[in-house]
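There are structures below to look over.
Below are two complexes that have chain A in common, paired first with chain B and then with chain C.
Take a look at the complex of A and B:
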């Protein structure tokens, strides 16, 4: 099941206790996300270089898949192009810095570029649904990968680019990565309970009906897609900073597919779904130090097993566990 | 003085099929009008044109003098037109109250019209106390009524009901007819009902429009329609 916005929790029960509980819920969620972020940051700086690099990969993927979570998790649109926005963020910020922009300006510039690309792809494919949308976005990702490989004057092709370091030291970068992941999770939590969020959930349920109860479905989908793209690009700017070099193979067309897999495995539509999914899809192969082909194979295997056993992803298993442990725990 | 609803030579074709052709009719505010006709006569397409599901290829549709035929469906809803569907359509995994809240939120209260208090709407359609139920767990008749309540939550001036009584028992259909009358009387909505169940229509609609092959065949009181030779021919295939 998807994370439900406040509107779905409205019950005929308007008791004072019920109202108070509802008012406390958002604060509790945001405090939880902040504590989780602080914990992840401590892990990032206290563990050895190997674990820290694995965790960095997980956190950056968490950002990218949280972006995807808006259009795919809330809206139910299986976008397979998130990897391309991730690439536009990495390349866009690296190129902007080569052109003399400071890092703090290059990040929003790359996000705007990806948002614009998202708008174009969204305008083309927003009339398609389901597998057709998936195929269309997968194709868009392929086009972006081809551009990164072949626009040599700008991207240096397969050789890739070296990325100027935008921070004073690695500690600052670690803070930025942990903070960006935390803020992205909080942003998703905010969006999921906002008007945009419940509108997307009506689209997830029945798009034609949503339109007939007054939801501007086309505009809602486009807004969500552009937001997803911009957040994906933010993740891309961070991978560029962390790696120091970027090359097209990091953003190949299947990356968007693997991001979709990570989201589904973790729990689409759920705040923590991207974190759990990234931990399994990026973290496990890296921890086991598997070659990337074998890692992908493992990711595929995890995907198939999870979709069969737990269609709602790992978050649904956690829900079931929490439900078993105590009826008073979160719903 | 322009009518509440004015449809002038509205036409819609799908491929080579003229689903609705040159429809002309007008409605006064507060009327209950029935639309009958054999399968494929264009009744549902007509509702689709009025509700913004489709845009007419030709012709105009005016609500209170304002053209609504070029609007997308959600903008038509904002102009005060709500529809239900032949098959039950709800946000099935959501509680009924959340369906109502979503529909109510889609049209700002500042635009006027009757209120959309969920409890009131549920009581009106006879589903009082069912707001907490997940829609997929409702019975067929309850889902039909819930769909009417969701449409009402958008605070429509014009309600378009597409075969609202489908799958209902005679007693459920009678109750639904009462609900529809109350929607007109208490909420001031003008109502168009597409229905196969002639018995249901005869007791409810003040005026009936019979369609055949996308065109208006006859129009009049239920008694007149029942006697109309063209209608009888279309129904009996003579």
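Take a look at the complex of A and C:
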């Protein structure tokens, strides 16, 4: 995380082909993401029910961690509250639908609710740096979990809620999940090269210096945090739709932390980092059918080892591999 | 009602103070928010329980075993994980959480997820002071906290090692130049913090329950204590622990018991907005 983000490391390549490749880069990236999305969708519908459910979990987590990637990956702020936004999305959309809202309205409503919560949490804790931002956001997640457990008239407490279906069948839901994951990856790619993304990178590099050269740091951090929250909520609406029921233990305070683990293991600040990390943190324990205790134990161990030996996550290992194999520019 | 709330608050505050002192110590020397402390507490508590109930050691011998386990595990977290992120302050909190995940789930895998109770010989006793009744385990908690915090204070003020520890906490580079061996001080700080975690387990186990995630939520309160007391300030942590315990106890009685933890959060919010350097600190290290 303290390494220079790969985005700032230019790869000088003077050849004509290199120049052409670089000029094509944006289009190439978006086409790549679209193809990846299509491939994931085909996997989702062609594999058997078990693999398909594992892949669904991975994709939904990819959405949530891609949201987290904006504030944590680009801005370097270790937010541990993403699980709460995920929960607000799931509960918000379920409750809005119970109140008679159609699904297509319930999703943006839940995202706005989570964005507003993100604004409030961000207003307080964006004043703190590093460690205290982590503690503050972790505590915020705990408070949201507490509310989900105890506001029984709204959430039915530990019993949970059943979710009204917004899609006619599983095929439609599969398309929605694959499309949402693809769009989120593309959105992250867009944000990372936008003005917001560059500003966040200056904050990651040196926040005081950024402030001095005129970057509106507070506004930038808040925008990023709200965006992260809203995307987290979108993932939450999808898990609600997929599961059919939701309960507070799905959104306990440590979920936000495990999402941060997934992002860091995959590669913070990288477009594909969330997908790689989610595949590892969600997919592997499910595929091996590990009991939850051993799964989390392994996740913790792997995470500590990766953070220590590979600060840039799996993506940095892939970079190194690509660099070794050939002079091809990477995405 | 009021007197009972004060008594409950003192018991809770003693626990917060005990946890906060350990956290502030490790934060002082290494600038690591040691989330893994909660996992150390869990493992120490299970060690006591296992030695007492499965290995049939006497209760006090089992407690000693648990304290030793706390110290060893805590030093291990520093040796195998924190030492590698000393120069990367952003990675420290997340490595700490990773270690917490590892320690908690070791407990889950080894001992299962049931809530069990650590029962000392005086488990059923209740002490009556006028209208107030305090279970003996609560009194033991307060006594444990008072004795160990006083001991810690004297150790830090009066002994050579304690002074070296404070020197590292104030300025590690200068301390190293004056011949303090940093590695050794890190080990000592984590060992003491592990012993404090063991004491917390001994005090906490009988009052609440022993399960793998027993200390997670309460540890976040302990961080509020660290922020409130001023980072790296043991006396501040003790005072802030008592204050927060009383606040939460009053909140539980007069507002809602379910949202007790929310009061700690509210205090944290107020602190960060109003007085980021802490109530009892000279303002050397700011939170925000």
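Here is the rule we use: the second predicted complex is superposed on the first by the 307 of 331 C-alpha atoms of A that agree within 3 Å, B and C clash if a C-alpha of one lies under 4 Å from a C-alpha of the other, contacts with A are read in each partner's own complex, and residues count from 1 in each chain.
We adopt the following convention: a contact is a pair of C-beta atoms (placed from the backbone, for glycine too) under 8 Å apart; a residue touches a chain by one contact, two chains touch by 3 or more.
Just so it is clear, the structure is predicted and the values come from calculations on it, not from any experiment.
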{"item": "Which superposed partner A:271 touches (first chain B, second chain C, both, neither)", "value": "neither"}
{"item": "Chain B versus chain C as contact partner of A:205, first or second or both or neither", "value": "first"}
{"item": "Touched partner set for A:307, first chain B, second chain C, both or neither", "value": "second"}
{"item": "Which superposed partner A:148 touches (first chain B, second chain C, both, neither)", "value": "neither"}
{"item": "Partner chain in contact with A:229 - chain B first, chain C second, else both or neither", "value": "neither"}
{"item": "Contacts of A:195 with chain B and chain C, given as first, second, both or neither", "value": "first"}
{"item": "Contacts of A:293 with chain B and chain C, given as first, second, both or neither", "value": "second"}
{"item": "Chain A residues touched - chain C or chain B, whichever exceeds", "value": "C"}
{"item": "Common interface residues of chain A - those touching chain B in one complex and chain C in the other", "value": "1"}
{"item": "Chain A-facing residues of chain C, complex", "value": "31, 33, 81, 84-85, 88-95, 97-102, 104-106, 108-109, 113, 212, 216-217, 220, 223-224, 227, 258-259, 261-262, 264-265, 268-269, 272-273, 276, 287-288"}
{"item": "Residues of chain A touching chain C in the complex", "value": "1-2, 76, 78, 80, 124-125, 127-132, 134-136, 138-140, 142-143, 146, 149-150, 253-254, 257-258, 260-261, 264, 293-294, 296-297, 299-301, 303-304, 307-308, 311"}
{"item": "Complex contact set, residues of chain A against chain B", "value": "1, 7-8, 10-12, 195, 198, 202, 205-206, 208-218"}
{"item": "Residues of chain B touching chain A in the complex", "value": "51, 53, 72-75, 77-78, 82-83, 85, 89-95, 97-98, 101-103, 105-107, 118-119, 129, 131-132, 150-151, 153-154"}
